[in-house]
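You will see chain A twice below: alongside chain B first, and alongside chain C after that.
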Partner chain A sequence: MTTARAPLIEARNLRKYFRAGVGLPFLAPRAPVRAVDDVSFVIGAGETFGIVGESGCGKSTTAKLLLLLERPTAGTIHFQDFDIAVATKDELRRYRASVQAVFQDPWSSLNPRMRVRRIIAEPILLNEPHRKKEIPGVVADLLRQVGLEETMAGNFPHEFSGGQRQRVAIARALALRPQLIVLDEPVSALDVSIRAQIMNLLKEIQDRFGMSFLLIAHNLATVRYLAHRVAVMYLGQIVEQAEAEELFTRPLHPYTQALIAAARLLRPGEEPPPVLSGDIPSPSAPPPGCRFSTRCPKAFGRCFSEAPAPRELAPGHRAACHLY
Partner chain B sequence: MGEAPTGPVLEVKDLRTHLFTSRGVGRAVDGVSFALRRGETLGLVGESGSGKSLTCLSLLRLNPQPASRIVGGAVLYEGTDLLAKTDEEMRRYRGKRIALVLQDPMTALNPVFTVGNQIFEAIRLHQGARGSRLRKIAAEMMRLLRIPDPEQRLGDYPHQFSGGMRQRAVGAIALSGKPSVLIADEPTTALDVTIQAAYLEVLKEIQRRERLAILFVTHDFAVVARMCDRVAVMYAGKIVETADTWRLFDDPRHPYTVALLRSVPDVEARIERLYAIEGQPPSVFEPAKGCAFAARCPHAEARCHDEPPPDVPLEGGRAVRCWLFVR
Partner chain C sequence: MAVGADPGAARRAVFPAAARMWARLRRLPLLPLAVILLTILVAVIADQLVPYDPERINPRYAERPPVPFAGGMWEFPLGTDRLGRDILSRIIMGTRISLGVAACALLLGSLVGTALGIVAGYRGGWIDVIVMRTADAFLAFPGILIALVLAVTIGPSFWVVVAVLALILWARFARLVRSEVISCKNRDFVALARVAGAGGTYIVFHHILPNVINSLVVLCTLQVGWAIIVEASLTFLGAGIPPPTPTWGGMVAEGLNYVETAWWISLLPGLAIMIVVFAYNLFGDWVRDVLDPHLRNI
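On to the complex of A and B.
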């Protein structure tokens, strides 16, 4: 199953360093924040690729790199037959239309002064102005696809609930029939009873249109429910990646194991698993060796000096850990 | 600390806090009752707008005014009704007997004072300590919350603390009055899972030692399972079900609880399709005539739409507010 899907996007050795302030004259410049530090993955056509990790692990920066909202410090993004870094204007336009996004907060991602009709139509107006005449029909159809009433097209965002707003954001993302939708924490701002509605809607839309999703989330259960393949990030690096079922039933990296243990529903009388000690180190000064070594319960000599390279330990299952 | 009486340390009876806005009167907290014993954690679970945060604030009479007003009920702390106290008397309960921890540790701490300063303030107020004793108690409080190098970190500013450490600092402030009740409103929601697990463990350890009663507000069932002895589920301003944590998980009775538990994905199970509760919670400004959940309930009958259901006591100290259980 691992390579059954044709690759849509391939990210290779992606890095994104942010300069930490300009610093004062006469002072040595501060170390850059290594938000994304050598990350490689492939997103197959029609699949949901999940990136899970805690705050500061670089998952949202990775999403921004794919959305071309940030330029990589190093590394390449291949889309279909071209490399983004050297793409022509025309190719880039094609890319931008093919890769859409749904963000976490539907209160800030929709322009409060635009009617829903305009919000949904904007990507078409900008990218395919010749389709202007079709817009009323297209908007009505998109609203139906996301489970809203056509009559709502004239409303403003504030007239909608959080769940409905997220549906509007999804309709906008669908407007150009993209091949990839980047979902950056698409349900975490929503109420518990609304989350299931939106997660089910995302699944239905993928079944109907067959596009790929890049799902960024911190909630493991959400990722398990939606993703076909999952990468776990820690301090700017992917520590483990595998098919979702494989990753959640046979996690290999101690960090993945700890994440799953911390998110499990404990049975009555069950002792909580040992908690990870310490805090997540700063991404501007990652520990030498394995970045997880400062908190890893299984760390031994080599972990503190030598960074483990990701290796394929089972078919399609890669982990970067000296234990194996 | 005297020996605890056998009764509950905090008992809330039919608490009603209404909102008064240009949109009309909203029954945000609409007849909430529960009891909390020493050493026990009661989870308060519900969606945003269900009234759980306003319930918490109302217990300390910190509900926003004049936007909201407590219009009825009683909040009994060791038998005395806090709602009958003057504002001046009420100050002796806040922090000293009942402490409050909120979701966002960054807004709870003042960014221009050191963490130590803010802990000192609470200790000075509640324990009257001064000088080197103040420092000693503050360092002890930080040690209690497992903040590493407490003496040194007293001089740090909040921005020098990580999220998890900030929430511990807030905890140190909250517990410095040696309260017997802690109201924790989503204290772990802003924390990462691994940091959250460590925080919950510290909190439990302190609870065991001090026999602290905790009202723990959350919407995360994994946190409920780790932290709470009993759970109260809130919907539209009312508690619709109360049960021991594991009875609630294994055998939920109220259709809302059943639906809510089925709509949450599980890290440990492969789920093909989640159950989704259709529609959305009602507005507090347009209360339903009957049961507030009736419009979304798969089992609703005619009666559910017309008449509010009573609170039905069931076996094992549990209770459910639903017509299905009225015989």
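On to the complex of A and C.
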């Protein structure tokens, strides 16, 4: 079951190290935090690619790298026919107009001093100023697309509920008809009753416009519902990557297995699954060998000394584990 | 029907923001606002308002007490000073000086402080370090001392007082604005603006400034009282606006030696300072509560 989709964006060996603290003279420099450490993936056109993992695993940093909010320490991002690192000004402009985002917290992602009309139209004003005259019509159309009233264009964000605000954020992300929308935890700040509505809206939008999504989430149910392919991240690395159904029904990596087991609802009287013990090691001093070895229930000798390379274990299903 | 019983309830349900605004307006401090509007009006039309030239000396009527006291006369309702100058006229003219100094100093201080605070907060790094350490130095430096030195070296004047106040005020503004900018620039809407291709100048003017402006207005109103007091203190010490210009601080100083016999010379301008400063502070508190409740600590 490999994807037949044309690749839209490809990340190769992305790394992002953050310098820890201010370097003081006479003190040994502190080890950098390896937020993203050698991550590679491809997002196909029209595809939803999900990244799951615990907080601190580097999934949001990966999103920021694709949004050009952070500069990668190493590695490349290829979009269509060019490499972001060496792109011309014109290509970068094209990239920015083609990649938009929806963030987790709808209270932080809308400027409280701007009317909804301006919030939604801002990407157009910045990228296609010659279309200024069309804006009222475009905004009305976008509001309808996300299930809001056209008359709400003149309102300020505080007049909306959380779910409505996230709809406004989605309308803004759609304004330029982008080819990729990065969804960083798009529903986790919302009430459970609203989540399904927003997830369905995202699905509808993808069906209608055919853009790709990069979905960042810690909630497995969200990812399973929306994503076509899923990558599991642990401590800055992708440990397993497969088609969504394949990953959730036949998880190979012990970390994926533990995540899925921990998220499953228990039947009455059922024994809870063994819980992963210990904390995530510090990303500035990852353990030698496999990064999961300190918490892995199946770790054996080799795991503690030798880092496993990701290998394709089934068609389209890659995992980095010495067990296979 | 419930809606029919209270038409206001339906309106509040439709316009919750308007209802909230109305609730705040009802708590408007009317007395302080009246004092503020009155003083501004008096300052603007002081020339037309004064019954006498506030600097005219008239020894025949020196040291007249205010009207209700023995020896008081209706020609000089608030009495006269040692030189027979009309205290009412001098207080009226002093209003213009007090408010003028405060307005000029705040304008200058807030413009410089806001600009530097935005640059420091938005750019960060070494610019931030330099601007903020300089601001700390200015805040730590005793303003009265600067004023005395300047008064001695270049002579006391209106603009020296304005400069001294602005030298301290810019640092207060820079500190407040910087912290607001830092908390604002890390919010998601700024990141989204960058994703949409916005540059630094656009973000500062469209996303950061509109979110900082409330705090600026609050700080401005709260600093008016402070500026008036400091101007009065400087003038009282002789480092402010030189005589014979009528100023409240100067009048308090002039009457100081005769407090036992002619108390009104010092007391009345002192009351004027107190009432006006009170009014601005109370009004500033209200503005802060309405615009920016999280600023309770300034």
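The criterion applied here is as follows: the second predicted complex is superposed on the first by the 322 of 324 C-alpha atoms of A that agree within 3 Å, B and C clash if a C-alpha of one lies under 4 Å from a C-alpha of the other, contacts with A are read in each partner's own complex, and residues count from 1 in each chain.
We take it that contacts are C-beta pairs under 8 Å (C-beta built on N, C-alpha and C of every residue); 3 or more make two chains touch, one makes a residue touch a chain.
Because the structure is a prediction, the values reported are computed rather than measured.
J.: Following the superposition defined at the top, how do chain B and chain C come out on chain A, clash or fit?
T.: When both complexes are placed onto chain A, chain B and chain C end up side by side without any clash.
J.: To make sure I follow: the centres are taken over C-alpha atoms, the vertex is chain A, the ends are chain B and chain C. What is that angle to the nearest 10 degrees?
T.: Once the structures are overlaid on A, chain A sees chain B and chain C at 70 degrees.
J.: Tell me which partner A:10 touches in the superposition: chain B (first), chain C (second), both or neither.
T.: Neither partner.
J.: Pick one for A:93: touches chain B only (first), chain C only (second), both, or neither.
T.: The second partner, chain C, only.
J.: Which partner does A:150 reach: the first (chain B), the second (chain C), both, or neither?
T.: Neither chain B nor chain C is touched by A:150.
J.: So in the superposed three-chain picture, is A:109 touching just chain B, just chain C, both, or none of them (first/second/both/neither)?
T.: Second partner only.
J.: Who does A:70 touch here: chain B (first), chain C (second), both, or neither?
T.: A:70 sits against neither chain B nor chain C.
J.: In the overlay, work out which of chain B or chain C sits against more residues of chain A.
T.: B
J.: Thinking of the overlay built on chain A, is A:38 touched by chain B (first), by chain C (second), by both, or by neither?
T.: neither
J.: Quote the smallest CA-to-CA distance from chain B to chain C in the superposed model, rounded to whole Å.
T.: Between chain B and chain C, the minimum C-alpha distance equals 7 Å.
J.: Could you please specify the touching residues of chain C with respect to chain A in the complex?
T.: Answer in residue numbers: 16-17, 187-189, 191-198, 202, 206-207, 210-211.
J.: Going by the contact rule set out above, which residues of chain A touch chain C in the complex?
T.: Touching chain C: residues 67-69, 93, 96-97, 99-101, 103-105, 108-114, 119, 122-123, 126-127, 156, 158-159, 169, 172, 176 of chain A.
J.: Any idea which chain B residues touch chain A in the complex?
T.: Within the complex, chain B touches chain A at residues 47-49, 162-165, 192-198, 200-201, 219, 221-222, 225-226, 245-246, 249, 259-260, 263-268, 270-271, 273-278, 280-281.
J.: For the complex, which residues does chain A have touching chain B?
T.: So the residues of chain A touching chain B come out as 54-55, 161, 163, 191-197, 199-200, 203, 218, 220-222, 224-225, 245, 248, 258-268, 272-273, 275-277, 279-280, 295.
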